[in-house]
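Look for subunit A in each of the two complexes below; its partner is subunit B in the first and subunit C in the second.
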Partner chain A sequence: MVATDVQTPATPPSVEKEVWDEKRAARKDTREGWLFCAPYLVLFAVFVIFPAVWGLWISLHRYDFTLPDKPFIGLDNYTGLIDGSSPWSAVFWESIRNTLLFTVLSVPLLLVVPLAIAMVLNQKFAGRNLFRAIYFAPYVLGVAVIAVLWRYLLDANVGLINYYLGRAIPWLTDVPQAWVSLVGVTVWWTLGFNCAIYLAALQDVPRSLYEAAAMDGASWWQKFRTVTLPGIRSVLVFIVSTTIIASMNMFGQSFLMTQGGPGNETRTAIMQISDTGLRQFDSGMGSAMSMIFMFFLVVISGSVFWLTNRDSDAQAKVRKAKAEARAQA
Partner chain B sequence: MTTLTREQILAIPAEDGGPGERRSRPWLFYTVLGLLTLVFIAPLIYMAVTSFKTPEDAISTTPQWWPANPTTQAYDRVLNDPATPVGRWFLNSMIAATANSLLAVSTATLAGYALARIPFKGRQPLFVLIVATLFLPPVVLLVPNYLTLNFLGWLDTLLVVIIPGAAGAFGVFFMRQFFIGLPKELEESASLDGATRWKTFLTVLLPLARPAIATLILLTFLTNWNDFLWPIYTLFSPDKQTLPAGLSTLQSANSVRYDLLMAGAMISAVPVLLLYAFTQRFIVEGIASAGMKD
Partner chain C sequence: MSTRTHRHPRIATAAAACALLLGPAGCASTALSEDTGPPLGSDGYTGPPVTLQYWNGFTGGDGPYMRAMVDEFNAAHDNIQVESNTLGWTDFYQRIVAAVHAGQGPDVAVMQLDNLATQAARSVIVPVEDAIEQMGFSPSDFPQTLVEATTFNGHAWGVPLDSHTIASYANTDQLNAAGVAAQAGTGAAFESELAAVQQSGVAEPFWMPNKWPAHLMFLSLLWQGGGEPYSADGLTATYNSPAGVEALSWMVDQVKRGVSPTNVAIDSQYLAFKNAETTVTWDGIWQINDLRTTAPDLKWSLAPIPKVFASPASWANSHQFVMLSQREPDADKQQAGKTFIKWMVEHSSEWAAAGMIPAYEPARSSPEFTNMPQSALSGQIENFHYMPSIPGVGDVNVQTLELAVSEAVLGRQTPQQALDQQAARADDILASNAEKFGATNQG
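Up next is the complex of A and B:
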């Protein structure tokens, strides 16, 4: 490593020497800081920054990487999608619509159900960590395992679910049943993630606030609204945005459980973009689609962030109580 | 950033006035917990049981919670069929997840330390740039990264599931948060003793960072082991695939041979479930702490 030690002078140094030493130390810090970052920055530059910029550039071309000619066409890929003149337009907007539908259906469940479970777990009782570990377990499995397993359990003829219901519901081959399956499986699979975060947040809510509310004779609902919710507000913002982003990026469940069907009914944006860009070799169009998709993602998560992150009196009170609790500890 | 320790959890008083926290009917409480456990565990048990069934029993219209004719034929078949070499996929996944997590965590630890502790010129804008990419949807990088890997000649080799994934920003962010939480005095006293920065990092900070590094290795390993979208588009040959991509191949080849599909799913699931069983506290708390940033 490159380290030249700064000599500590035996006598008190003159002012100029001090300034000079400081400059030298700052230069050394800068050199070392960038050196420590260098290995990561190589990866980051090649596989994140460069493709982010290049993707934008590709989207301005008719870019088929199997063909030698990749003409620049300006915004044609975008306008073709927006005004419907491109053959990709209909299927792309359908996939965006499907993705938004999935997001609207899954996000509320993924916000409320894990919170309810976390509140049940937020008590001292024998085996609490065991239950938390069990509810989290499906999340450590990949989407491929989950989807292959649930395709079996939801099989219309031989699946467990229809056996116990005593019906022959086409869970994967008809809508709206397919959406119920995709949302249900996703909730089952990822609920533990939000639950673990909620639980950590609930344990951080100062006890004193509950005691004060109890002394005021607050009901369960009042305590929930004036103490619990403001107490976990900052974490709630995190959970809302990560859940929306995860739902909008849904891919594997549709790909493996319904193959996007029936028709294109459950085909999601990610499925369409990867298919267009990588399977149909229309990389320019695929990139344009991914930019439009990102636009939706930014607008939606940005406005949700803005809506949920506004401050309130109750939250200020919680922050004060948290600071006091920390000062005492 | 708040990380819950065991002491904090144990310090929670049994009785207090939080909503839903007073239990007058413990039997009801444990019934609810038990039912939830069933919901999460039963499908996994059924997967395990079915993987030991005959093809006929696997599609029996009366569910068998214990195989009528227990057999390992499904495992024999998926492990030996050259079109679906599950054993090979297992090896590929093991190599990829190990190499990827080592690469990602070592580079992230170095960068995370520098961003937390070295006041270098350009640090703030660099950190903002790295964190901003956390919000970049991965699909935006899909097409250009595919083209880059095509150019490098890496497509259909394990390099595609080892190298690009290590460029993600999460690890750097995670390690930076950890190093920021350490008291500064540790390094100051070491540097007064004349140790170089590199030596201080190796001998003082790295040992302290062991729990954080272990957590990050686990999370990265799991992410890579489970990654699905990227390998199905970049690995084509049957013997080059990882388990998740392979499961997709297995499903296309044997759409209703649920005995084979469950055996394949078991081979993918059991290693991570075992890993999880021994390290669940690290994994769950690692994820919980990522959300706690007031």
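Up next is the complex of A and C:
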């Protein structure tokens, strides 16, 4: 075992030279790269890194900027939230639970439905561009517009939807109906964005691959699995990550359509954090909530990244092995 | 010179970061003014021309009337120019707190009474009892209950402009069709009024909202039954008292009896009233202008909400002129500010057109007010109840009391359960607020 481990890194001289060249190129590029990135990095440092670190510091205080006393209280904000002794604890964890529930309900739909629509819109048919525009249209509307629109459509007593259904379904004032409404409206509103990205990716999949697959007698499902999905893989990873993050950050829909209700059942984490930090000026507690929420975001985004990256590492190895085999031959 | 030309970008970044870090720290160390400046003479402000910044939240139907009054004031005063900044109430409080603490606050503003204690505790506003005296007003110029409600920690924090309450709007066509001559004054009469209207074909004549203004209805009924939402020391929620449970049960009963549909979402009851789908709705008197403009064909009457329990009472709030804490107080602007407030209060009969009840006694006997629908409530003004002066009480209401009302009206919890559960949470928040604001005594 030891012997093979030592032997593995041994590579032919030609490859060694190539690696050295890359290194030199990389070293030379660094300075220019930093230069080009500098304007953004300055903004990033001032408006993202610095506030994040400062937020961490604030979360260790009972911090209200309007009051003269901002005592350092160590981890009290965190322990109060975690052991339930803070009056905000229960509602905060309920908001985290609601956010995760919304994410679990909305992300699969936001991945699958736009892909299906994009595949249809990728076919050649009359009025294709019109349909592409129609599916994208809701996305250009602001959240305030779509929320007010749907609030009236979905109203239990004066809404158009119940009028046509001839029933009095409490779309916004009871669960699980409120979740159906919120997820449904969100999918209707944002699917156009994912759809447009899918469509761009689908158009990049070489037609020759489909032709080759067809000649090999591949079924529709086989073509989808072996040509379409691998072809849009990198875009898929991007959509998965951005959709999860967008869903975790849901705020406007429930703020405007259900006001977090019934009770606190559709109150999301961002809603709770902004309420605590910006309305009650309890910046210390609000920052502590943000940090805990960030922990969830990091864990989830990290696992998505890790899962997909591990996969692409494996593929890279396969590619490298094939390239080496070709070089040997 | 050479240091400037060779300045490294990293230093600039560090400097920017320092400025950000020190900015807020600087805010805390520089003292804010705590009074309204030198006394105002009997002939008002006579100094050089000044421009005043005046912030308010009149974005609704009341906005045009406020603008007209400010224009009139500007025309009448050569040496004072008032510049208004109007933004919605929610944004208003967030921004004015930040602006004052950054030393960029306005000279004068209007705030709602239930915010005064909170803003006083946050050092945003200054006591005005001396200023009120300098303006030539005495407490007897305003309703007694209102003057008491303006007091916190032994000081007056605002000069009352108006009172606004919730009242009962009724569709007069539907009342007439049911043979009801006038709106009911008691709970029993109200019940038979609704029954009569149901008989004549309006299936659900009194829609019970679960959100705004549901908690204002609840508070009114709580006070009618002799209850109080919070203890006098501001440390305990008392809205789960028997009076509170009775009040909320009465609201839930309207749904159970079928007078109201279930699941009335925000604004639905008001929309239904405008569309003549329901006969009676309790809402703020500030909706008068909205009803006049958006439902011009609707015939309605306005009356005090009926006395359902022992004594007449209804929730009310008040717009108050306040003077802001200043980092660098300017004696001229402070004097001009007081002149402006004095003029506005003295001319507040014009403000009646915005759907409000002027707080200034002489204004309430003017024809501008007595011709308005809300003058029907003027006799009730001493029965108006205001939120107690407890810093942070507004948020406690939003977080707990409103939630309890909503849960019970939607039928998700019994009134007792909902009120007990939220009152327990309110106690925790009140304790945490008392510790935070450091002052627990009520004025």
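One rule holds for everything that comes next: the second predicted complex is superposed on the first by the 260 of 329 C-alpha atoms of A that agree within 3 Å, B and C clash if a C-alpha of one lies under 4 Å from a C-alpha of the other, contacts with A are read in each partner's own complex, and residues count from 1 in each chain.
The rule we apply is simple: contacts are C-beta pairs under 8 Å (C-beta built on N, C-alpha and C of every residue); 3 or more make two chains touch, one makes a residue touch a chain.
On a predicted model such as this, the values are computed, not experimentally measured, just so you know.
**Q** Please tell me, clash or fit, for subunit B and subunit C sharing subunit A in the overlay.
**A** Pair status: clash.
**Q** Mind working out whether A:Leu278 is in touch with subunit B, subunit C, both or neither, as first, second, both or neither?
**A** both
**Q** Touch check for A:Leu160: first (subunit B), second (subunit C), both, or neither?
**A** first
**Q** In the overlaid three-chain picture, which partner chain does A:Pro170 touch, first (subunit B) or second (subunit C), both, or neither?
**A** After superposition on chain A, A:Pro170 lies in contact with subunit C alone.
**Q** Is A:Phe44 touching anything from subunit B or subunit C once the two structures are fitted on A? First, second, both or neither.
**A** Touch status of A:Phe44: first partner only.
**Q** Given the touch rule stated above, what does A:Phe65 touch, subunit B (first), subunit C (second), both, or neither?
**A** both
**Q** So, does A:Lys317 touch the first partner subunit B, the second partner subunit C, both, or neither?
**A** A:Lys317: touches no partner chain.
**Q** For the three-chain arrangement built by superposition, which of subunit B and subunit C touches the greater number of subunit A residues?
**A** B
**Q** For A:Ala214, decide between first (touching subunit B), second (touching subunit C), both and neither.
**A** Once the two structures are laid over each other on A, A:Ala214 reaches subunit B alone.
**Q** Take the contacts of subunit A with subunit B and those with subunit C, and give the residues found in both.
**A** On subunit A, the residues that contact subunit B in one structure and subunit C in the other are 46, 50, 54, 65, 151, 155, 157-158, 278-279.
**Q** For the complex, give me every residue of subunit B touching subunit A.
**A** Residues of subunit B touching subunit A: 2, 4, 8-9, 12-14, 16-21, 23, 29, 32-33, 36-37, 39-41, 43-44, 46-47, 50, 58-63, 103, 106-108, 110-111, 113-115, 118-123, 126, 129-130, 133, 135-148, 150, 163-164, 166-169, 172, 194, 196-199, 201, 222, 225-229, 232-233, 243-245, 247-248, 250-251, 256, 258, 261-262, 264-265, 268-269, 272-273, 275-276, 280-281, 283-285, 287-294.
**Q** Quick check: in the complex, which residue numbers of subunit A touch subunit B?
**A** Against subunit B, subunit A makes touches at 1, 3, 5, 26, 29-34, 36-37, 39-41, 43-44, 46-52, 54-55, 58, 65, 117, 119-120, 122-125, 129, 131-138, 140-145, 148-153, 155, 157-158, 160, 163, 188, 192-193, 196-197, 199-205, 207, 210-211, 213-214, 220-221, 223-224, 227-228, 234-235, 238-239, 242, 245, 248-249, 251-252, 255-256, 269-270, 273-274, 277-279, 283, 286-287, 290-291, 293-294, 297-298, 301, 319, 322.
**Q** Quick one: in the complex, what on subunit A touches subunit C?
**A** Checking each residue of subunit A against subunit C gives 38, 42, 45-46, 50, 54, 62, 64-70, 86-87, 90-91, 151, 155-158, 168, 170, 172-174, 259, 261-264, 278-282.
**Q** How about subunit C: which of its residues touch subunit A in the complex?
**A** These residues of subunit C touch subunit A: 9, 13, 16-17, 20-21, 24, 27-28, 94, 97-98, 101, 121-124, 207, 210-211, 261-266, 268, 271-272, 275, 277, 392, 395, 399, 403, 406-407, 410, 412, 425, 428-429, 432, 436-438.
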